[in-house]
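Multiple structures are listed underneath, in structure tokens.
Two complexes are shown next, each including subunit A; its partner changes from subunit B in the first to subunit C in the second.
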Partner chain A sequence: MAELFRPGDRVLTSRTDPPHHTRLPRYARGARGTVVERQGSHPLPDRRARQLPAEPEPVYTVRFAAAELFGEGDHTVTVDLWQSYLRPAAPEGEE
Partner chain B sequence: MSRINDVGGMQGFPPVAPEADEPPFHADWEAHVFALNRALIGRGVYNLDEFRDAIERMPPQRYLASSYYEKWLHAITTLLAEKGILTREEMAGG
Partner chain C sequence: MSGDHAGPAGTLAARVRHLEGLLEQRGLVDARELDDALTAFLARAAPANGARLVARAWLDEEFSTRLLADANATLPELGLSMGGGLQEQRLKVVQNTGETHNVIVCTLCSCYPIALLGPSPTWYKSEAYRSRVVRDPRGVLREFGFELDPAVRINVWDSSAESRYLVLPRRPAGTAGLDERALAALVTRNGLIGVAPI
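Presenting the complex of A and B:
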């Protein structure tokens, strides 16, 4: 699967609430963050957990402002996320 | 549909308290569970994500009352039964 994002890109996470294993935690759904770096390619756990074919796809470390996730806090939270969980988002300040 | 494992950001859970000089295993059975899981994944009986899924769909009350390796053993027995490799009766019989 082609790499869609580069470090510095703004992304929006999926709001999907799947009835199976996923590596996108509930607190990080529907949130805007910034790609920090690429973490290689790995098959999507959501598909492997259901024994479905899963080609390796890009995984990224994404940084979120705590206030974006929890409504408060000055720190940031980083989560490693598969490309399938991410959509492009407008640059910061333009959203 | 979020499950009981997904509690990040939820209130009511105390901070994680690391155990000083924590040993890899607190009892021999835990090492057996660890080895069994490695062997079953290595043999392709199930994959790591199926294993994690089996932990995450534990009944919430049981999940919260179980230790780390109790969750592993639950997932192993769940998957072996679902895949028809062992029956619940066979596992209970030792």
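Presenting the complex of A and C:
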């Protein structure tokens, strides 16, 4: 699967609450963050857990401000996310 | 359903035993082979490995630079690797500085670099730590007795995919004369997870 994002890109995570296994943590859904780095490619666990064919796809380290995730806090959280969980978002300040 | 687990530990253990039995029955796995592999892996997996990495990084700036840029390629310099499981896992070493402090968690289960830190402590797997450290890391550190300078920013690394993380703590003051072995003896498992200073 082609790599859609580069370090520095702003992304928006999926808001979907799937009825199956996923590795997109609940607290990081529907949140805007910044791609820190690309980690390599791995099959999507959401499909693998259901024994569906899963091509390796890019996984990224994405950094979120705590205030974006929890509405408060001055720290950041980085979460490792498969490309299928992400959509492009507007650059910071233009949202 | 990311927070869901297979059920109580007893049920999971029973399922694993059942699966192991089937694999042996069908001749896919030899029981002794499995035990030997587990014993060998766990004998090598200890926090002393992570401590050696840190001590070397404190003493050798070029080693530290290589470790932070590509940990997997640098581990063999100390005879270490992340290949103890089924496949080699990517390791990312994150450095504490005067401006930034790093803390490791796996909010979905308990992912952790066992080869370098040994089996994970019970609290690391607890729902309380996993759910709270992403939300209020400063408060959680305080409960560990670690009062972090308010000016230092915190980044929490959630190991939610295929990478594993290790914290490179700051070298403590007053250790200028110490050699690699003496420095390694100062490094604790909690320090390598980021919940304690060294």
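Note that in this section the second predicted complex is superposed on the first by the 95 of 95 C-alpha atoms of A that agree within 3 Å, B and C clash if a C-alpha of one lies under 4 Å from a C-alpha of the other, contacts with A are read in each partner's own complex, and residues count from 1 in each chain.
Following the convention adopted for this analysis, a contact is a pair of C-beta atoms (placed from the backbone, for glycine too) under 8 Å apart; a residue touches a chain by one contact, two chains touch by 3 or more.
From a predicted model like this one, the values you see are computed outputs, not experimental measurements.
Student: Is A:Q51 contacted by the first partner subunit B, the second partner subunit C, both or neither?
Tutor: Touch partner of A:Q51: subunit B, not subunit C.
Student: Quick one: classify A:R63 as touching subunit B (first), subunit C (second), both or neither.
Tutor: second
Student: Touching A:P25, do we find subunit B (first), subunit C (second), both, or neither?
Tutor: both
Student: Hey, is it subunit B or subunit C that touches more of subunit A?
Tutor: C
Student: Classify the contacts of A:L81 with the two partner chains as first (subunit B alone), second (subunit C alone), both, or neither.
Tutor: After superposing on A, A:L81 lies in contact with subunit C but is clear of subunit B.
Student: In the superposed arrangement, which partner chain does A:H42 touch: subunit B (first), subunit C (second), both, or neither?
Tutor: second
Student: Which positions of subunit A sit in both the subunit B and the subunit C interface?
Tutor: Touching subunit B and subunit C on subunit A: residues 18-21, 25-28, 69-70.
Student: In their complex, what parts of subunit A are in touch with subunit C?
Tutor: Counting only subunit A, the residues touching subunit C are 18-28, 39-40, 42, 59, 61, 63, 66, 69-70, 73-82.
Student: Which residues, counting only subunit B, touch subunit A once they are in their complex?
Tutor: Interface residues on subunit B, with respect to subunit A: 1-2, 6, 8-9, 47-50, 52-53, 56.
Student: Could you please specify the touching residues of subunit A with respect to subunit B in the complex?
Tutor: Touching subunit B: residues 17-21, 25-28, 45-46, 48-51, 69-70 of subunit A.
Student: Can you list the residues on subunit C that touch subunit A in the complex?
Tutor: The touching residues are 1-4, 90, 92, 107-108, 134-138, 153-163.
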